[in-house]
Amino acid sequence: MVSTSSTTGGAFEYAPAPESRAIVDIKASYGLFVDGEFVDGHGSSFKTLNPATEETLAEVAEADERDVDLAVRAARRAFRGWSRMPGAERAKYLYRIARILQERSRELAVLESIDNGKPIKESRDVDVPLVAAHFFYYAGWADKLEYAGLGADPRPLGVAGQVIPWNFPLLMLAWKVAPALACGNTVVLKPAETTPLTALLFAEICQQADLPPGVVNIVTGAGATGQALVTHPDVDKVAFTGSTEVGKAIARAIAGTTKKATLELGGKAANIVFEDAPLDQAVDGIVGGIFFNQGHVCCAGSRLLLQESVADEVLAKLKRRMSTLRVGDPLDKNTDIGAINSAEQLGRIHELAGAGDAEGAERWSPRCELPSAGYWFPPTIFTGVSQAHRIAREEIFGPVLSVLTFRTPAEAVEKANNTPYGLSAGVWTEKGSRILHMAEKLRAGVVWANTFNKFDPTSPFGGYKESGYGREGGRHGLAAYLKADSDLGAK
Amino acid sequence: MTRVDVRKTYKLYIGGAFPRSESGHTFVVDDAKGRFLANASKASRKDARDAVVAARKAFPGWSGRTAYNRGQVVYRVAEVLESRADQFVAELVRTEGITQAKARTYVAAAVDRLVWYAGWADKVTQVVGGANPVAGPYFNLTSPEPTGVVAVVAPRGPLLGLVSVLAPIVVTGNTAVVLASQTHPLTAITLAEVLDASDVPGGVVNILTGVAADVAPWLASHMDVNGIDLAGVDDPELATALEVAAADNLKRVRRAPAAEPDWLATPGIDRLTEFLELKTVWHPMGI
Amino acid sequence: MPVSAPDLADVTSGEASLKRFLHGLPGVDQVGAEARVAGLGTRSIKTTAKAYALDLAISMVDLTTLEGQDTPGKVKALASKALRPDPADPSCPRVAAVCVYGDLVATAKEVVGDQVNVAAVATAFPSGRASLEVKLADTRDAVAAGADEIDMVIDRGAFLAGHYLQVHDEIVAVHEACARPDGSRAHLKVILETGELQTLDNVRRASWLAMMAGADFIKTSTGKIQPAATLPVILVMLEAVRDFREATGQMIGVKPAGGIRSAKDAIKHLVVVNEVAGPDWLSPEWFRFGASTLLNDLLMQRTKLATGRYSGPDYFTLD
């Protein structure tokens, strides 16, 4: 007989389910990829670590000015042939690359998680599929550029110098390289110094695809390498994703030149939850908005704006949901939150979280055991935050959510827009007209309504204000890599 | 006995009013032959600041108007300019020293340019925006929106050049702070009278006269200006300095042209899209 | 949920207040709900966790036959299997219940006695299209025949027409009809037939309606309508029981039925139970699978885990 007593179930402990590391072969040391070959650099080298264990993964060459110059020269030599190649032929190379990315997706996902610290389920289900999709999407544009709305015969810019961050190493590479190549440019790309390995594996994929030498060049290194690249006189186009501070420095460095720039920079997105929101999905969206990729996301929904009438209810649901998040080994298929990418970034998160404490906000994290080695930070929320707090203004770039409240839609708009950034925003309400009103009022390049952190190769991405300029993705992303010889309407 | 004419005092145009420079300074404007024309107001950094405040204040209302309405307002500017064509022809002949026929061509082209841009108001969204077929159950739409407050260092072409640069900025919903051509400032102020007599709300266009090297840096570094058009900057060093200053808040910069463009040529849409932001909105599709 | 037990009494006091309450529940975004279960579906349940989950799932099965062609012979065979799902392995747990039509309750009871519950579908299953009197008689008949549990269907027509109070009162009446002469009563599972309700908003409203009317369990489907149990529906129902406990302190069980055929599916459900409602629901007392073919796949996977080799259908009884 079934009894009505309150006996309840036992604990369903998920056993470790680690993805096999054996699929990737990490070399002891890596050179630079210039003119279709791996070559030794002229500079020193640096180590890249597994942030989950602090073990050294490989020694990687640090490109100096001479190396950057060689890479730019190789790209310039390749530009002539690549830009004159019929678009349909360029497309086939990009399709090839897309297919090889799919074929080697598991290997890429594991390598990304090892070098970056992100959970395998994200690198496997989000990053790598989007990378392949991006190449597939832009491959199709290569022979259709005259329909891109940039005139009858839009032309490539030349050599693109591209500098990408460590939060989505391979995805940011795809966002940069795919449209550049489709439009007939050649590239010199610098991956972030903490996450160079998937870019170097991508170089190998370019070789497998028989991509003509010099079309893609990869120079590893730190800030100095990036600076040498963006200031190189023979670079026609600079594409950068990273901090607003560095973005401004790049804008200054290229002032007075003819270089074109696309800058995807920081953000402090508001995620606004109205009282009539689908609350359970809103809670999922809040969690995905700030804890996806350990919060190392420029468009993260790092400021939660709750309508006061539902604030307590949403916070209770949020805390319960956060208690189910699994922090730990990035290669465990059940891990929701992986390792912080570097000791430096962990330090910054600690510093800003400490500022939150000092300024009187209330910190909460679910109980979770963090591994002893590696760089870790528990999922954290701060309540009682006001616009004046540092944690409401500065980008933390970690799994830390600042919770504010509002009373009316006008107040929500005012608070959401009260930031120098303008990359993304979220709105949760079941009222259609309010969604459209809010979407119009929010000064941000991407507005997710009743969803958050969604990305697609067809969907342009980029910011307002100090979040940068230019768009990546979609038809609009082509404009960053083409010059329109004759605009619409011109004769 | 000939009648003594009543001369015009050329002032600034800020927030829909015509104040003198708060500094009390003026500068002499001569005609093409070096004869005295007028004492123009010499805008100071504080005038620039006031103009930015006025432009910011006007932005929500102007950008919030329907595109159809903005198109009508700009079309109204064309109507009023047409009705004052003779005045502008005379002024261009007097200030620039060009022929009557040439002046007529410029004034007519300026009117036509306004009409052309007026028509773009409610079309640019369709040409520039669009639906994106994302791989998932989401409605996804990209639409352009105005960047905000845009500073303009106006080109030399006192009427057609100015109109060609200004119209696309405001018709898309931005508000503008214009620093008129240093050598030909007077026509800009006369144009301000046209704007004032049209339906352009106060603050949507603000016009300063003065010395570019003095005023432009304050606009370029102003943290509440979102974009800057260096159309009339012919000193490369100043252009670079302005671009460097503009990086402080990552203004959208339209660089100075290598040479003054032929303003009579048919424009493309690049000036319309220069100060537009693209916003992409996602929404799930479900029952 | 910002309601408490006394409030709920007010809510069900009239048609207008009930409608206001149900329509005031937070909406459910379908795409978001689907994304959530898809995410939980990627949990990788291996080794010890899998062994735990398989045994738990077996113990939660309501082994079901609901066919016009059912005979005492068929039901007896099913009941025997309920007692000994894997005759070769005595450590294999029993299932939770046998689920049959009301006229076959006594037959099932003969075989299982008090070792496994017998559940009967009632109230003009599966359509629910009969007068209240007939539905109540159907229920009383099954209880009198010894049914431990009654699986009733709600009046979807009334629900979709917005006659929530009618649906509510009918559940209350069936609940009363579950009473036995000794003062105990059969447990009541309320079938929402979510495939006919279509929207997840309706699933949430119907869940609350059933819980407020006295359901011990809320159940997705009859198995006669497609789609039957889907993970987004289960998600919403689990959120409802979770929120209902928060509001009233009272725990209600959840039963997906129809369409769950593989062990992999069943384990996905348990993950959703674990992470949405919480581990308290991980017991046959609070979660069931209405299924027939599922059991053999659970048994095959269980054997694979124990022996290290893949098994085949010939090694499990087809009853």
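Order as written gives the chain letters A, B and C; numbering starts at 1 within each chain.
By definition in this document, a contact is a pair of C-beta atoms (placed from the backbone, for glycine too) under 8 Å apart; a residue touches a chain by one contact, two chains touch by 3 or more.
The structure displayed is predicted, hence computed values, not measured ones.
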Taking each chain's C-alpha mean as its centre, the one farthest from chain C: B
Selected pair, greater C-beta contact count between B-C and A-B: A-B
Distance between chain centroids, defined by C-alpha means - chain A, chain C (Å): 43
Centroid distance [mean C-alpha coordinates] between chain B and chain A, Å: 37
Centre-to-centre distance between chain C and chain B (centres being mean Cα positions), rounded to whole Å: 69
Residues of chain C engaged with two or more neighbouring chains: 29, 31-32
Multi-chain contact residues (two or more partners), chain A: 450-451
Multi-chain contact sites of chain B, meaning residues that touch two or more partners: 136, 138, 284
List of chain A residues in touch with chain B within their complex: 133, 149, 151, 244, 247-249, 251-252, 255-256, 258, 263, 265, 420, 435, 439, 444-451, 454, 456, 458-462, 464-466, 468-469, 471, 474-476, 484, 486-491
Chain A-touching residues of chain C, taken from the complex the two chains share: 1-2, 26-29, 31-33, 35-36, 42-50, 52-53, 56, 96, 114, 117, 148-149, 187, 239, 251, 270-271, 274-275, 279-287
Touch list for chain B against partner chain A, complex: 127-128, 130, 132-136, 138, 140, 142, 147, 226, 236, 239-241, 243-244, 246-250, 252, 255, 266-270, 277-284
Of all residues in chain C, those that touch chain B in their complex: 29-32, 34, 198-199
List of chain B residues in touch with chain C within their complex: 136-138, 284-287
